[in-house]
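Handing you a structure now.
Labels A, B, C and D are assigned to the chains in the order they are written; within every chain, residues are numbered from 1.
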Amino acid sequence: MPDTEFTNDELMAVEAARCLRDGDVCFVGIGLPSTAANLARLTHAPNLVLIYESGTIGTKPHVLPLSIGDGELAETADAVVSVPEIFAYWLQGGRVDVGFLGAAQLDRYGNLNTTVIGSYEKPRTRLPGAGGAPEIAASAKEVLLILKQDPRTFVERLDFLTTPGYLSGGDSRARSGAKGAGPVRVITDLGVLEPDPQTKELTLTQLHPGVDVDRVRAATGWPLKVAEQLRVTPAPQAEILRVLRDLKARTAAAHASSN
Amino acid sequence: MPDTEFTNDELMAVEAARCLRDGDVCFVGIGLPSTAANLARLTHAPNLVLIYESGTIGTKPHVLPLSIGDGELAETADAVVSVPEIFAYWLQGGRVDVGFLGAAQLDRYGNLNTTVIGSYEKPRTRLPGAGGAPEIAASAKEVLLILKQDPRTFVERLDFLTTPGYLSGGDSRARSGAKGAGPVRVITDLGVLEPDPQTKELTLTQLHPGVDVDRVRAATGWPLKVAEQLRVTPAPQAEILRVLRDLKARTAAAHASSN
Amino acid sequence: MPARAERLTLAQAVSRYVKDGDTVALEGFTHLIPFAAGHEVIRQGRRDLTLVRMTPDLIYDQMIGMGCARKLIFSWGGNPGVGSLHRFRDAVENGWPRPLEIEEHSHAAMAAAYAAGASDLPFAVLRGYIGSELIKHNAHIKEIACPFSGERLAAVPALRPDVAIVHAQQANRAGDVLISGIAGVQKEAILCASQAIATVEEFVDEFAHPPHSIVIPNWVLSAVCLVPGGAKPSYAHGYYQRDNAFYIEWDKISRDRDRFSAWMEENVMKAPAHA
Amino acid sequence: MPARAERLTLAQAVSRYVKDGDTVALEGFTHLIPFAAGHEVIRQGRRDLTLVRMTPDLIYDQMIGMGCARKLIFSWGGNPGVGSLHRFRDAVENGWPRPLEIEEHSHAAMAAAYAAGASDLPFAVLRGYIGSELIKHNAHIKEIACPFSGERLAAVPALRPDVAIVHAQQANRAGDVLISGIAGVQKEAILCASQAIATVEEFVDEFAHPPHSIVIPNWVLSAVCLVPGGAKPSYAHGYYQRDNAFYIEWDKISRDRDRFSAWMEENVMKAPAHA
């Protein structure tokens, strides 16, 4: 692929990486969040501190981990602590600036479902469950959500509220006791949504190149609020794409030879 | 001193060492307890596990530490953990068989005062305070008390109850929620006291060689119960005295040259 | 006085310490997952277990699919980096091969519950579950008020399994065990359980104490078993890497009941026990 | 985004981060007691401090005797292996040089309170203070019921000092700090405080990661100061041993108010600040 073209996944990773400030402490999950955080670290944010929930603090993996507890995360970490400690002293202790989350379902207030489709007692689809998400969402100073936009994911009503966003909107999160600000950005394959300052309803504020508002509305399961002024996501620069593709190639080569 | 003579301190250390079974896990303080525990480890109890509250587990010091956190304790330990962990996972977690304690005052139920002489608000003498004692006394499976016997120490009424023995006697300790059995032996410079199985009142059960009951009564601030059958403490054997004196000599030499 | 870890074969250790109906925690957070021990539990036909693990992973998917479990206590039940655990899903969604009761937590709560168990406390306190509907479906999550500020927090009961099983890199002659790299909740699992078994890659004369390593004393372990490769297809830092291809392949193997059963028969039931 | 540890002189760090009236924890459990930092606080004439330390040791005896403290939160106030802390006693018994309010705990409770502070919990739970009259004299010890079993346990408020100060062996160029040997409650003290200062024996290019060592990342520290010998007369594992003779000698120096004052004038007030 020439340097000037890019995939949706690449754009999402680049856009998520742009949200991270140099020096941020970032609680990272596997997949796109890990790609985005390491991309930021390898480009504009060399002092980004990556924490994985397996207990590695300040890890600097050369290739992307395939699991949250890959060996390279420990080898390149400043410190390795127990899982109870990472959740108590570091996440709950208020040391995390940015938490990344995804989900199977999201509602207009950024609440997340990763538990079941259908009823809890007789689920149609049993999903993996909460993992670290409820406390990441509550304790990280900010949360970034990354997920692909379609009406089955962006739903009018969650089948199950696993992880809090802005709850029922307005000041309901502020009253809940959650210490962090909540999901400040939802980065999708179509654009970016941000909470309304008052109602906290997620509002389309940015479109990826070539995407129009109707396409985003069609991919959203509720009547989507759209900002008056819509930004357009800048196309990734050649350099960041090169770094991203190198990282992915290194990762693929390393994992192919890992057995 | 010839091998057949010994001091009171030596006899107390030897008698306390005899109470430790090979393989016991022992939570040790500085002074006589540390001497006794290391003496046991160097003689009949090579598998004795020593834990110091500074976080060293399974430590095997060559010389006696002068402080609870001497460097050699860490160097010779199987594991070194944090102070919160040593109290939470290891002491409170129920992993300690024997805790050693001393005190400024002790009453007939083995309750201890290490806080004040006089009133708490306007103390005549402010003592160091609780340290690890209240939770050692509650959580260790058994407690051994080592202290010199005199009427100012063995008192009718404590000025302050810092650390529980059998509280008000009978089943009061059992009802208190304390998990361990309490002080099973008080080793003094005159003999040994043990709790009555029913009332839990400390009862003289053993005399050191050359000591008579009147002398022990005179050194006790309450009307002392005396067992019908009194044992006599066996004199230390030459070998254990030799090990004890070597240990003390090594310790003195090491600490004299430590600056 | 605690007993010292006894050197047993894995078959002996499982036979002696894992009983039908027990609550069992096989821990290892991505790293050092005790697969060999789980397979031995399956081979010995244990039933009605309550399985405890933050991330059930493939090992519990296999144990659930083979009918060992009555109940699962967990916080994230997926195939990491791949997707679903199909045997877990089949048990929850369709009751195959038997219904599976679940007690579901978040990672933070489960980690705190292990630590509370290791500390012999009856419960753990955390800033947790705020706004989450898990509270409605799990009677083991309650609210507790700070006795000083009145602030409301979450409480969960301590975990106190009958048996914990972990895999580690090394044991020394005394039976002390060294874990290096990511240590997860293994120390807590060992200390909160009534019995604890460690399988190890090798016995050594003395530990080299690599960075990021912890030592578990022999007197908190019931048994130590030599099981080289005992964490495969997960990994053992310094010994072998994670078999990512197998994790991907498991998605196909486990999707179908018959293919799963045939694979287990061939690869677990007929496999020799570790001597 | 947290600030990175700044490399400052000790005088700068104390001047910037320790204010009159602050709650200050100088930690180090026998090992790595930050004496030089305490002396700098004395030299800068700080007043009305609430001093927090499990074992006040000689350093708080000196700070109390020099009138820095309004209150002491502690769990064992003796001269280890020697006897009394005479300046502490004189303050409590006679109000010299000023009355000292005390909040008194057990070690287990204070360690748990530091851990609760590091975890941003408002309180800690422990099996503690059973039968102890400390409960009657410390309003900061309350009872709490397990919401599952009803069992009664003790609760103490989390420690949340304004400033924590520790001494460590090494810092690297990034300002990460290595503590090796007995680590006490230093990590918890740093993480429960609003600001944290580390003094270190030396700066190194890379840590050697000796056994039993922990690393504190630079981004939880406000300042790192080069202060060789900064733990004397306590010790720094791998650098120098405890000056036991001085601990014994302190008993004599500190027994008498005038001799104490003269010693402090000569050895602390006139001593040069660490550059």
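The working rule: a residue touches a chain if its C-beta (ideal position, glycine included) is under 8 Å from a C-beta of that chain, and two chains touch if they have at least 3 such contacts.
Since we're looking at a predicted model, the values are computed, not measured.
**Q** Return the chains common to the contact lists of subunit A and subunit D.
**A** Touching subunit A as well as subunit D, we find C.
**Q** So which one's got more C-beta contacts, B-C or A-C?
**A** Pair with more contacting C-beta pairs, B-C versus A-C: A-C.
**Q** Centroid of subunit C to centroid of subunit D, CA atoms only: how many Å?
**A** Once rounded, the distance between the two centres reads 39 Å.
**Q** Suppose each chain is reduced to the average of its Cα coordinates; what separation in Å results between subunit B and subunit D?
**A** Those two chain centres are 28 Å apart.
**Q** Residue numbers in subunit D touching 2 or more other chains?
**A** Within subunit D, the residues that touch at least two other chains are 115, 120-121, 126-127, 151, 187-188.
**Q** Could you check subunit B for residues that touch two or more other chains and list them?
**A** 88, 92, 139, 179
**Q** Using the contact rule from the top, write out all pairs of chains that touch.
**A** Touching chain pairs, listed by label, are A-C, A-D, B-C, B-D, C-D.
**Q** Spell out the part of subunit C that touches subunit D in their complex, as residue ranges.
**A** Touching subunit D: residues 120-123, 125-127, 140, 142-144, 146-149, 151, 153, 155, 157, 209, 211-212 of subunit C.
**Q** Could you list, by residue number, the parts of subunit C that touch subunit B in their complex?
**A** It comes out as residues 1-2, 4, 115, 118-121, 176, 187-188, 191, 214-217, 219-220.
**Q** Touching residues of subunit B toward subunit D in the complex: what are they?
**A** Listed in rising order, the residues are 30-31, 53-56, 66-71, 73-75, 77, 80, 82-84, 86-88, 91-92, 111, 115, 120, 123-135, 138-139, 160-164, 167, 173, 176-179, 255, 258-259.
**Q** How about subunit C: which of its residues touch subunit A in the complex?
**A** Contact set of subunit C toward subunit A: 29-31, 54-55, 74-78, 80-81, 84-85, 88-89, 92-93, 104-108, 111-112, 114-115, 126-134, 137, 151-152, 181-185, 187-188, 212, 235, 237, 241-247.
**Q** Which stretch or stretches of subunit A touch subunit D in the complex?
**A** Subunit A reaches subunit D through residues 21-25, 47, 49, 57-58, 78-79, 88-89, 92-95, 97, 139, 179.
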